[in-house]
Amino acid sequence: MKLLRNTWYAAAWSRDVGADLSTRELLGEPMLLYRKHDGAPVAMIDRCPHRFAPLSMGKRVGDGIECGYHGLQFDCSGACSKNPHGDGRIPPGARVRSFPAEDRHGLVWIWAGEPSRADASLIPDFSHLVSPRLKTVGDEMTQKAHYELVVDNLMDLSHVNYLHAPYQHVDDFLQAKHDVVQDGSALESRRTVAGTRAPQSFRPFLDDPDAPVDYWLNIRWHAPGCCLLETGVVPVGRPREHGLVRIGTHIVTPIGAASTQYLYASSRNYRLDDPDADDETARWQQMGFHEQDKPMIEGVQTRMGERELFSMRPVLLATDAAAIRARRLLAAMIDAEARSDQPVPVAIA
Amino acid sequence: MKLLRNTWYAAAWSRDVGADLSTRELLGEPMLLYRKHDGAPVAMIDRCPHRFAPLSMGKRVGDGIECGYHGLQFDCSGACSKNPHGDGRIPPGARVRSFPAEDRHGLVWIWAGEPSRADASLIPDFSHLVSPRLKTVGDEMTQKAHYELVVDNLMDLSHVNYLHAPYQHVDDFLQAKHDVVQDGSALESRRTVAGTRAPQSFRPFLDDPDAPVDYWLNIRWHAPGCCLLETGVVPVGRPREHGLVRIGTHIVTPIGAASTQYLYASSRNYRLDDPDADDETARWQQMGFHEQDKPMIEGVQTRMGERELFSMRPVLLATDAAAIRARRLLAAMIDAEARSDQPVPVAIA
Amino acid sequence: MKLLRNTWYAAAWSRDVGADLSTRELLGEPMLLYRKHDGAPVAMIDRCPHRFAPLSMGKRVGDGIECGYHGLQFDCSGACSKNPHGDGRIPPGARVRSFPAEDRHGLVWIWAGEPSRADASLIPDFSHLVSPRLKTVGDEMTQKAHYELVVDNLMDLSHVNYLHAPYQHVDDFLQAKHDVVQDGSALESRRTVAGTRAPQSFRPFLDDPDAPVDYWLNIRWHAPGCCLLETGVVPVGRPREHGLVRIGTHIVTPIGAASTQYLYASSRNYRLDDPDADDETARWQQMGFHEQDKPMIEGVQTRMGERELFSMRPVLLATDAAAIRARRLLAAMIDAEARSDQPVPVAIA
C-alpha cells in the first residue's frame, strides 16, 4: 500500500488513548498508543525489536514500557532504557520506531513520515470539535474497504439522495450549483440550493419546518483522509450565520489495503444541551454510516476485489469531479514524495 | 479459472428468481438475477459501471434497475437509461454486461459466451422436471469444491456401494455390464444388473420387495456440468417402461475455483401424490447429498488443495472411465474455444 | 516449509491413538493414525491415491483400511490390497505413503525421512514419562505459530521471570550462572541459583518454604523439536537427588508454516498420589501454557507475519544464546540433509 508519509494521520479520538497501553492496526503497522504521566500521547510500533513480542502485552514502567516476554525496557522515544539480561549492556539497535504524536482538537494525531519534519501546525483544523458554541456527537468504526473508497463516498455527496433517502434527501440537489475549489492541497466541494424544502434531518429543529430555506452543503478534503463537512439551512435570503448548521468530522486512516479506520462526528450549533438532539444525531450516525454507507462501501470493495479503481475504467459523471480530483491530487502527492530527495522511512509496509 | 464460455449454465431454479433483485456468485462473477414484468428472467453483472456498487443494493424501476449509490438507471439489457447528474447525458461506456437468460424446464439458464451465439435450443433437455407423469422433489446446495470434482462424483456412480451404502447399495453392481457412450458433446455411462435384489431405496415401493429385478443406472453428462441420471427396477425380464423409475437432475455451475452451485432433484414415476414418498426423497437427498457426498467431495478438495487432478497423477481404475472421459472432453472443448477465432468475452475472470 | 526429514517426530500421545481411524495435520500433511490389532501404531498419508479422498472417512478392514469413496483397500504398509472394480487388478502405483511409527514412552513417534533409515534407538529419551517414581500430568495444544517460535520460548527460559511471574519467578535468575552445552545434535541450557528463595511453584510442597534453597533449571533440546526441562530445589548445599524435582516434557511437531502441535507434561518426584498436586500442575499448565505462553507466542507470530526471524534482524541478548544456537544447529542439519546424497522423500510438501 503506497501511502502519503509526510503528513498527520488521526490515530484515535483523544478520549480513547489513556495511560494504559493500547494497540490498533494503522498504516499497515501495529501501533502502540498510550499517554505519559504529563498526558502527552505516545505512538510507536507495537513490536519489541528483540523477539518481536507485542509491546502492548507488557506494562508501563514510568513513562516507558517493559516488554512482557523477556523484560527489555524502552523509553517513550522508543530507545531501549534497560536490558535485564547478562551484563545489562544495551545493544546498539535496540530501538522501537516511534512516531511524533500530538493531541489536537480532541484527536490524537501521528506523523507517518520523517520525524524531523513533523510540524504540528500542519495538523488540519478541526477546532470546531472543541468549540463551546457547538455540541459534538461522534464515534468510530472500521470499514472493510480501501480508505480512498471511503473518501470517494464523502467527496461525492450526491449519494445522500439515494443511499440516505429520505432522511437526508434534498430536493433539487443533483442540479444544484456545484463548485469544486482547490486550496493548496485541500479541495472543497460546495453545493447550494436556494429556496428549497428543508431536508428531514433539519425539520424537527426549525420553527416552521415548511418554510422555504436556503440550503448548503460543503465538504472540504485535506489529504490524505480528513474531511470536514458543513451543512446548513437558513430562511430564504438570510445570512448563513443565522442558520442551523452542522459541522461533520469524517477522518479516515488506512488500516490495511482493504480496511479503514473511520472517525466521525457531528457538531451542531443548535439545542446544545438537548439530549434528544444528541440522540437524534447518534441514531442518524448509526443508520447512515453503519447501516447505509458501510454495507455500500464494503460492497464496492467486494465488487472491486484487489483491483485499483482506474484500472477498472469507471464511468465518470459530473458528480465525480471532487472525488476524482482528490484521488489525482493524492496520487500526485504520493508520487512527488517518492521522487523527492527527502528520505521516507521504510519501516511502514 | 478456465471455463467453457459458449454454453448454457443453470443459474437457479426458476422458482427462486422473482421480481425482486437477487444476487449470487456464478462463473466467478457476482450475478444479478430478477424477472421483468412479463416474467422473463434477466441476468447481468451485479456491479454498476460507475463506482462499482452492487446493483442488487438498488431497486427495480420498471423493467430496469436503479443503482442505490448514486442513482444511475439501467434497462434490462444493461444499457444505462438515465443519468440523474449534471446535464443528464449518458456516458458512452455506461453499460452493465448482461447475459442471455432463459426459463426452461423449471430452471433459469444463462449463456456465458458471445451473446449473439446464444441459442435456446442448445439448452440440455431437462423436460422431465416439468412432466405431469413424474413427481419432482429437489433443492440446491453449495459444495466447497471445484465443479469437476462434483461431476466426477456423479460420473462414477460406483461410489453408491460405499458412500451411500446401505441405502443405495446394489448387489453385483461393481461387476455389472458398464458401457460408456459418447453422443456429440454428451457422454453416457450405462450400467445394468439383471436379476438382482432391489436396492433399499426402491423396496418400500415394490409390491414384492424380495422378488428379483432387473436394475439399471444410466447417467448422461452434458458439458460442462449437467447430469441426468436414470435409475430403475423392473421385475426380471419385463420392459423398463413397466418399472419404477427415478430421473435424477444434477446440475453444477461453477461459483469459483473451489466452490460450486449444485442444483439437484429426483423425479419419480410412482406414487405421484404420496407425500410420504416426497418425504422419503427429501430425506435421502439430505442424507446422501448433504451428509455423505458433500463431506467427501469437500474432503477431496481439501486433500487436493489448489492442485489440478492430473498433476497429482491419480491411480485410475476401470470405474473412472466415464468421469475421466468427461474431463478430457471438457478440456478439449475449452481448448478449442480458446483457439477459435470466435472472440470470447473477457469480462469474466 | 523446509523440515528435517531423517528424524522422529512425536505424532500424538499414545493414549490418543486407538483402533479407530483418526487424522491430524502434521509436517504439512494430513496424517492418518490408528493401531493394528496387535497394538502397533500405523501412520500414513490420509489421502487415497485413487481420487484423493481422506482415508479417515473410510473404515478399518482387518489391519488395513477401505476407502469410503470407491472402496479401494490398503494394508497397513500403505500397499493396495484390493481393487473391487472391473477385473480387480491392482494398479502399480496404488500405494499410500506410510511412515515408520513407534510407541515409545507414552508417545507415538513417526519417522519423516527415508524409511530404511528409521532406527528406533534414535528416538529421544523421554522414559521419565513412564517412570514409576514420577507422577506425570500432561495434555496437548495447538499453537498458531511456527514451531521454532515455540522452541525459542522453551530455550530462553528467562521469560519465566516476566511472562510467568509471579508463579514461576526466580530471584536472581537473570544473573544466574548460565551454561549452554552442545552434546552431538542436542543442546542443553543450564542455570543454577545457589541459596535463593524457593519459587512459588515449589513452596506448597516444601517442609519449610522460607528456608533458602539451591535452585536449578536445565533445558535440553533435541533437534528438531523435543525439549526436556528439569527444574528443582534442594536445601542449600544438599545433593540434587534429595530435592523436589519436576521433569517437563515439551515436544513440538510442525503442523504447517504457522501452526504447531505442542505436547506437554510435567513429571514430579513428590506427592505421587496426591490429586491436589495433580490439580496444581494442571492449573499451572492451563495458566502458563494456554493463557500466558500461547497468546505471547501467537502474538510474536502475528507481529512477524510471514517473515523469517533473521531477516527481521532481531536484537540479540545474552539470554538468546541457547535458542539462537538451536536455530543455527537445526538450519545446518536441514542444509546438510538437503546436500547429502541420501535421497529424501519428496512427497511431503
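The first chain written gets the first letter, and so on, giving A, B and C; residue counts start at 1 in each chain.
The criterion applied here is as follows: a contact is a pair of C-beta atoms (placed from the backbone, for glycine too) under 8 Å apart; a residue touches a chain by one contact, two chains touch by 3 or more.
Since we're looking at a predicted model, the values are computed, not measured.
S.K.: Quick one: do these chains touch in a line, a ring, a star, all-to-all (complete), or other?
M.R.: complete
S.K.: Under the over-half criterion for shared residue numbers, do copies chain A and chain C use the same patch or different patches to meet?
M.R.: Mostly different residues.
S.K.: What rotation angle takes the CA atoms of chain A onto those of chain B? Round to the nearest 5 degrees.
M.R.: Angle of rotation between the two copies: 120 degrees.
S.K.: I'd like the Å distance between the centres of chain A and chain C, where a centre is the mean of that chain's Cα atoms.
M.R.: Computed from C-alpha means, the inter-chain centre distance equals 47 Å.
S.K.: Spell out the residues on chain A that touch chain B in their complex, using ranges where they run on.
M.R.: That would be residues 152, 156, 158-159, 161-163, 174-175, 295-296, 299-300, 302-304, 309, 312-320 of chain A.
S.K.: Can you list the chain B residues touching chain A in their complex?
M.R.: 30, 46-47, 49-54, 57, 66-72, 80, 83-87, 91, 93-94
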